Each structure stands twice: as structure tokens, then as C-alpha cells.
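Think of it as A, B, C, D, E and F in the order they're written, each chain with its own count starting at 1.
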Amino acid sequence: MSESQFTMGQLTSLCTLLHNHKWKHVIEAEMKERGYKYTIGKVGAMDLSKIVAAVETSAKAKHVIDANSYREIHALYHAIIEAIQGVGRGTVQFGEILRTVGLTFCIVRGEVEYAHNKDEWICVCLSGTIGAPRKGYEHDVLGFGFNHI
Amino acid sequence: MSESQFTMGQLTSLCTLLHNHKWKHVIEAEMKERGYKYTIGKVGAMDLSKIVAAVETSAKAKHVIDANSYREIHALYHAIIEAIQGVGRGTVQFGEILRTVGLTFCIVRGEVEYAHNKDEWICVCLSGTIGAPRKGYEHDVLGFGFNHI
Amino acid sequence: MSESQFTMGQLTSLCTLLHNHKWKHVIEAEMKERGYKYTIGKVGAMDLSKIVAAVETSAKAKHVIDANSYREIHALYHAIIEAIQGVGRGTVQFGEILRTVGLTFCIVRGEVEYAHNKDEWICVCLSGTIGAPRKGYEHDVLGFGFNHI
Amino acid sequence: MSESQFTMGQLTSLCTLLHNHKWKHVIEAEMKERGYKYTIGKVGAMDLSKIVAAVETSAKAKHVIDANSYREIHALYHAIIEAIQGVGRGTVQFGEILRTVGLTFCIVRGEVEYAHNKDEWICVCLSGTIGAPRKGYEHDVLGFGFNHI
Amino acid sequence: MSESQFTMGQLTSLCTLLHNHKWKHVIEAEMKERGYKYTIGKVGAMDLSKIVAAVETSAKAKHVIDANSYREIHALYHAIIEAIQGVGRGTVQFGEILRTVGLTFCIVRGEVEYAHNKDEWICVCLSGTIGAPRKGYEHDVLGFGFNHI
Amino acid sequence: MSESQFTMGQLTSLCTLLHNHKWKHVIEAEMKERGYKYTIGKVGAMDLSKIVAAVETSAKAKHVIDANSYREIHALYHAIIEAIQGVGRGTVQFGEILRTVGLTFCIVRGEVEYAHNKDEWICVCLSGTIGAPRKGYEHDVLGFGFNHI
């Protein structure tokens, strides 16, 4: 399989996981060639609402979504919450249960063809660590959300 | 960052996402060099218990865990359920809510150093598609679980 | 407030709750005037997947959504699951925990204006009873889901 | 079906949905004729505990429940949480995940006959909007809880 | 503290945990003296609905609740589901996620005084093991539910 | 059955439930004889993170776990969250949904033999009351978590 055979979701996850690696350039080049809009960022917090806000703000600032379209904000919001469910594994809570996260995120939007129809979809990958609020007492974590936009 | 700087969780996720790509060999080489035990497999089903069974069976068959140690089975089991929570996003159900999954999985076990202690940990990544039981009506999905063993 | 001031979600819920009442005609007339596509149906089952299937099939059969568009199926699916979460209240399960439901459903799709943008949205209302699999041992239940399409 | 054939839950939901409509008077007249105790109110907040408090306080202030009976408070409390589960759809959180609600609520208590036994039950309906903390970026939402009292 | 100072919930849990121990007679004597109605039983299954059914059937057969009162069945049902949530810890599923339970249960109903009001309440304790469907690969588990009746 | 036939989980739960009763000495003697490490404490709060912190701090202070081992902290943490799931029954929240808890907790760590392998496990029992933030308006509650360490 060549790079161009990666799905949009795989590119999003690879971009997040490889954010410090040379391979990321191949992934980014592929996303650009396909005309995807995307943004990559970092956020760390115990306060869950800060995570949601940071990811949402980045998508608006980088014009991955239109900040004045409720429809697009709605699509992104649910993709973010889905990704956080993967990070939280069973409960959508961080500081409330005394854990903190340090995450790299990637949000990608683009056309995908499913069953002969090409439509726009958006996906969010969150990758990093979760653990106690004490350096070194945290492990890997990964979450992923996907929605039509 | 060179490959050797990937965390165990990142290697696990990359191995899953790159399972058809040439880069996987680099990831596998790194895991072998570190002495990690791992297995890669595929499973597709509407029946959630089949997914759990397939992942668990593969880990036992490839000696990633000791099939006669309840402790190790317990560690793996919770890592699998965590990964399924990322796939399910909000509810741990597939066929019951009329959706099916097609997943590539990777289970990795090895020593990780946290806060000056080197201990064994296990992680599970599930990557593939979720959707209606009809070809082409499914989208990307990703789940990840992590546990001490 | 005149009838025309009901939101799309309110019309959907009223249509479901009033399905045997003369007021339903006023609600339906309003939905038609606005150009909404909708369908009303009934389903009773212990098996959750039958509920999902019945609602989805009705929406396709009555052309509320395009049965060949994965995007539209995806939008409807999540609206259905949301409505079932309201019916289930805490767990998305019926027969597995020995309860059954008898539901009237209404699915409505149409344009809604939010923040100066007019886009298409879909909503699902489920109304009826939940309880033991024994006539008379069940009480009222209501669920509602909403999504962009 | 005449109005008098509505169930207690349907009357509660209709009363909430029709709170600005002339039909509400028919619903209220029916509830009064049946001797139901009820209260209607409004609350908007990002803070979930304020929603719970507002609904509970209204029920006590209007003597729908006896504020000094733990039994009645317990019955109401669980009905409120059930209704909030319908509003939250999957997670009982508002501000923590950066969303806010504006709700009309109706709490009704009265005798219902099930399987030849007439007992008292209580139900709560929450109807309004959920969305981003920004006017116009929110959509319809509905939740319903039911309990014996 | 003498035995008579145990709460109804503590007596229920102790009765379940001590079911094979001589102390159970002290607990049972106390429950009888207070006029509590109760039943003790055992059930093992992968099928969750069988657990619910076994507990419910025992309560009816031993006249802890009136099998013809929907109100009482409703009260018991929610107490059972609450107890199962403690057993399941995060998801109300057994066989679907390839685990099985072997449980001793105790259901107790009686008058409790809260804030100067004496009313009837019901509680359910489930105690035993959860694990893989293979003898010896299971660990302790405990769940508890409480409701007004 | 003699006391020595209690499982580690049963001893933990009994120790918590009997904390003011003379039988507790028999339970404690048994735990000591088996070489279990344990701690017993109390905590009351609306703030969930305070509950988690109090239980975790007690386990570290009494050397039930090694405060510098992330592996042991991870094992304990998940056992605590499991126990809180039993207390919360359906949602891991206290103050956010306007309820408070007053809990006695017991954390026990020791060797258990499963399927011919003797390994270390840890369990947490939480027992007390949950209810409105008003004295006398709260009922019994119980939660239990179990993990390998």
C-alpha cells in the first residue's frame, strides 16, 4: 500500500502520532495533495472544558471549520466528544477524577467517497498521556472521533 | 525524534495503523529491539464477544500473555475493554445497536520506565471501520487501551 | 405563540405525542407547509437492534433520507441512538436487562436557520412505554435526538 | 382520542412543549381535573447542579412533593436525573464539556392505574435547547424521567 | 455499636457476604426482629437478563414484593439495576463482553426512619465473582442498590 | 465456613461494613495473619476528586502501595474508580448532580491464589451514605473495586 491509500482517518491519526517524526511530512504532503484542511496543536489540562475549547478554537482559527456556521461547529463538537471518550475510556472526566492529560491533537476535514458518494467528513485524533497530576505518573492515551460535516 | 523515541503506546498504534505499509517494518524492528512481545491480527464482527475473544486468543496463542495466569488475563482483558470503549465511543455495543466493525488489532507487552521504575505494561490498539452492516457504509474508527501487567 | 413558531424539534415531539389526537393535523400541516420531510411509525420490541432497524427503515422507505447516501444514514443513525439514550436513561439496553418498549416514532428532516445560516437538520422522537414484558407493567418514556444532515 | 386519554407522562411532556401555546390551557385543565399536582418553570445554566437544584426547588415550593419527606425527594431526584440523561444523551454533563442548556421544565405528580392498582407516580419533562455558550448556536433537546413516589 | 445499630443497607450487605458464616444468624435475627421481609439466593450466568430475572423472581416468590403491584416491581427493578452497575463497574454487560458472574444475592425490604419520617425502602446486594468463563479465572465483585418502595 | 475461608474481597468489604462493630477485630486479625497490608479511613465530600485523593493518600501513607511506583498507583487508581462506580450507580458524579457522600473506606492488598498462581491483588471498598446535602436525607451506598497489582 502506498501512502495515498491511507484513509482520511488513518492520515489524521498518523499525523498526530508522528507529530515529532520525519514521516509526518509525508503524511502532511498527502493531506495537502488531497485538499484536506487540517490543524495540529497541543493542549494539557485537568479541566475537560479547556480541552474541548482548545481543539475547537484551533479548528476555527485555522479555518478547518467556519466559525460562524453552527452546523459545522456541531459536527466538530461531536467528533471532539467522541475522541475524548476514547481518551477517557468509560467516563468523560479528567480533573473531577483527579487525572490530567497532555495531548497532541489533529483535526482534518475533507472529501471522502463512500458508496459512490463523495461528501465532506471531519475527524479528530487526540494522542498523548493521561495520569496523575505528577510528572512521570502518566501513560499513553489515544482517542478518535469521526463525523459528517 | 528518531523512531527509538516512540513510546510503547505509540509503537502499538503505529503498528496497527501501518499494518499494510512499508513503515511497519521499522516499527516492528524497533519493538523487537526493545524486547517487546506482540501480536497483530484482524477480526470483523457484529458480535462484541467475538471481538473480545479474538483479541484475547491471539495474545495467548502468540505468548504475549501467559494463558494460565489469571493476573495476566485480567490485565489484558481491561486493556481490551478500554480499547473497545474508544471504538464504541459512548456505549460498548456493536450488533445490539445494529453496527458492525472490521478491525486490525495489535497487542504489545513490554517494559516501560516511569518515574525511575521499570515495569511491564500491556497495550491494545484497535483500528479499522465501524458502520452499518453493508459494504461502504462504514467509517474509520480507533481505540486504545493501556494497563500494567 | 402561534403554531408556526414551534421549532422543528418541538413539531417532531408534538407529532409523536399527539399521534392519536386531532391536534396532530395542525402539526402535520405546519410541517408540510415548511417543506419538512417526515415519517411516523410504531415499533415494539425487547431487541434493541429491531428498534434501530425499524426507525431507520421507515426513514429510508419514506424518503426522509436517501438510502444510498452513507452521509445521511450516518446523520440519522446518531440521531436514533441519541433518542434511544433518552428512552434507556443511563444504559442503551432493553431485553438484555429484561425490559421491553412499545414506541411511536417520528423522524423529521428540514431546513432550520441558526445564526443566519439555513441548513438541513434531522430529528427523531420516540414516545411510548417501557417496562416489564407483561401488559400493564410499563410506564411512559420519551427520547429525542437531533443532528445536522 | 380525547384529551382525557393522554397518559400522565404525555400530559407532562405536552405541558412542557406547549408552554407558550394556547393548547397548554387544555392540558392544564385536564391535569387539574385529574387532581394532579404540578409546576412549570424555566432554568438556564452551564452548571448541571443548578439545573438539578432549580427543578427540585420548584417542586418543593409548589408543594408537588413534601420538602420534608426524604422518600419524596428521593423519588423526584431520580426522575430529574433520568430526564437529564435524555438531555445529555450519553453523558450527564453540560459546562464540563463546554455546552449550556436553556430549559422549560414541568413536574407532575398524580395517581396512575397500572394493572388494577392505583398508585402515585411523578414525572419530569425538560424541553429547550442545548449548545455552545453563544446565542443561536444551540439546538432542540428533550428529556423525560418517571418514577413511583 | 451493637448489631441493632446496623442500617438496613448494612444488614443486607452483611447477610450477603456472610451467607456461609455463623454470624449470618445474628444478622438474620436482627432483620426478623425489625420486621424486615427478605430473601437470599444464588444465581450464576453470562446472560444478564437471567440475573435480573432470578433476583426479581426470588423477591416475588418470597413475598418481599407484591408480584401484582407494578409500583413495587418498578422499585425493585431499579434497585437491581443499580446493584448490577456496581458489579459491572462502568458497563452493564456480562456475556456480551465475554465475562460471567456467580452471585449470592439478598433483597431486603423494611421501614427506615429518615428525617423523622418512617417509610418503606428496599435494597439489593449482589456478592460473588466475575471473570472469564473458566473456573479460577474470576475475582470478587460486589454491587448494591437502594430504592424507596 | 470459618473466617479463614473468606476471600480477600469479602474481608475488605466486611472490614468496611463492620468498622464500628466488635466483629471487625476478627476480620482484622484474619487479614493480619494472612500478611495483608490495609488501611481504613473516612471521607465525606461533594467533590469527587476529594474522595479519590483521600483514598489514594491513605493507601500511600499507610504503605499499602509504594507512593513512588506508578505501576502501583495505576493499579490502585482503577480499583478506586471501580468502587466509585458502584457508589455512583450509572454516573461517576457527586456534587455535579447535587449529591454528597459520607464514606468509610478500606483498601486491602495481598496475595491471592487463582488457578494455581499466587499473585498480588488490591481491593477497595467504599461504604456509607449518599444523598442530598442535608442531614438525614441520604441512604446507604456501597462500592467495590478489584485489580491486580
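Note that in this section contacts are C-beta pairs under 8 Å (C-beta built on N, C-alpha and C of every residue); 3 or more make two chains touch, one makes a residue touch a chain.
Protein names from UniProt, one per chain: A, B, C, D, E, F = Hut operon positive regulatory protein.
Because the structure is a prediction, the values reported are computed rather than measured.
Undergrad: Tell me, which chains sit next to both chain B and chain C?
TA: Neighbours common to chain B and chain C are A, D, E, F.
Undergrad: Taking all residue numbers at the chain D/chain E interface, are over half used by both copies (same) or under half (different)?
TA: The interface of chain D with chain E is built from mostly shared positions.
Undergrad: Determine which of the two chain pairs, C-D or D-F, is joined by the larger number of C-beta pairs in contact.
TA: Of the two interfaces, C-D and D-F, more C-beta pairs touch across C-D.
Undergrad: By residue number, over half of the contact pairs should agree; on that basis which option among B-C, D-E or B-D is the same interface as C-E?
TA: Answer for C-E: the repeating interface is B-C.
Undergrad: What angle, rounded to the nearest 5°, describes the rotation that places the Cα atoms of chain A on chain F?
TA: Value: 120 degrees, nearest 5.
Undergrad: Name the chain whose C-alpha centroid is farthest from the C-alpha centroid of chain B.
TA: D
Undergrad: Taking each chain's centre as the mean of its Cα atoms, which chain lies farthest from chain E?
TA: Measuring from the centre of chain E, the most distant chain centre belongs to A.
Undergrad: Taking the mean of the C-alpha atoms as each chain's centre, how many Å separate chain C from chain F?
TA: Measuring from centre to centre gives 43 Å for this pair.
Undergrad: Just how far, in Å, is the C-alpha centre of chain C from the one of chain A?
TA: 30
Undergrad: Report the inter-centroid distance (CA atoms only) between chain B and chain E in whole Å.
TA: Once rounded, the distance between the two centres reads 36 Å.
Undergrad: Rounded to a whole Å, what is the gap between the Cα centroids of chain A and chain B?
TA: The mean C-alpha positions of chain A and chain B differ by 19 Å.
Undergrad: Provide the list of chain E residues touching at least two other chains, using ranges where the numbers run on.
TA: 70, 74, 90-91, 93, 96, 114-116, 121, 136-139
Undergrad: Name, in rising order, each residue of chain C that touches chain B in their complex.
TA: Residues 48-49, 52-53, 56, 70, 73-74, 77, 81, 84, 92-93, 96 of chain C touch chain B in their complex.
Undergrad: Show which residues of chain D lie in contact with chain B when the two form their complex.
TA: My answer: residues 90-91.
Undergrad: Give every residue of chain D touching chain C within the complex, in rising order.
TA: Going by the criterion above, the answer is residues 1, 3, 5-10, 13-14, 17-18, 20-21, 23, 82, 85-87, 89-90, 112, 114-116, 121, 123, 125, 127, 135-146.
Undergrad: What does chain F use to touch chain D in their complex?
TA: 91, 93, 95-99, 131-132, 136-139
Undergrad: Considering only the defined contacts, which chain B positions touch chain F in the complex?
TA: 68-71, 74-75, 78, 114-117, 119, 121, 147-149
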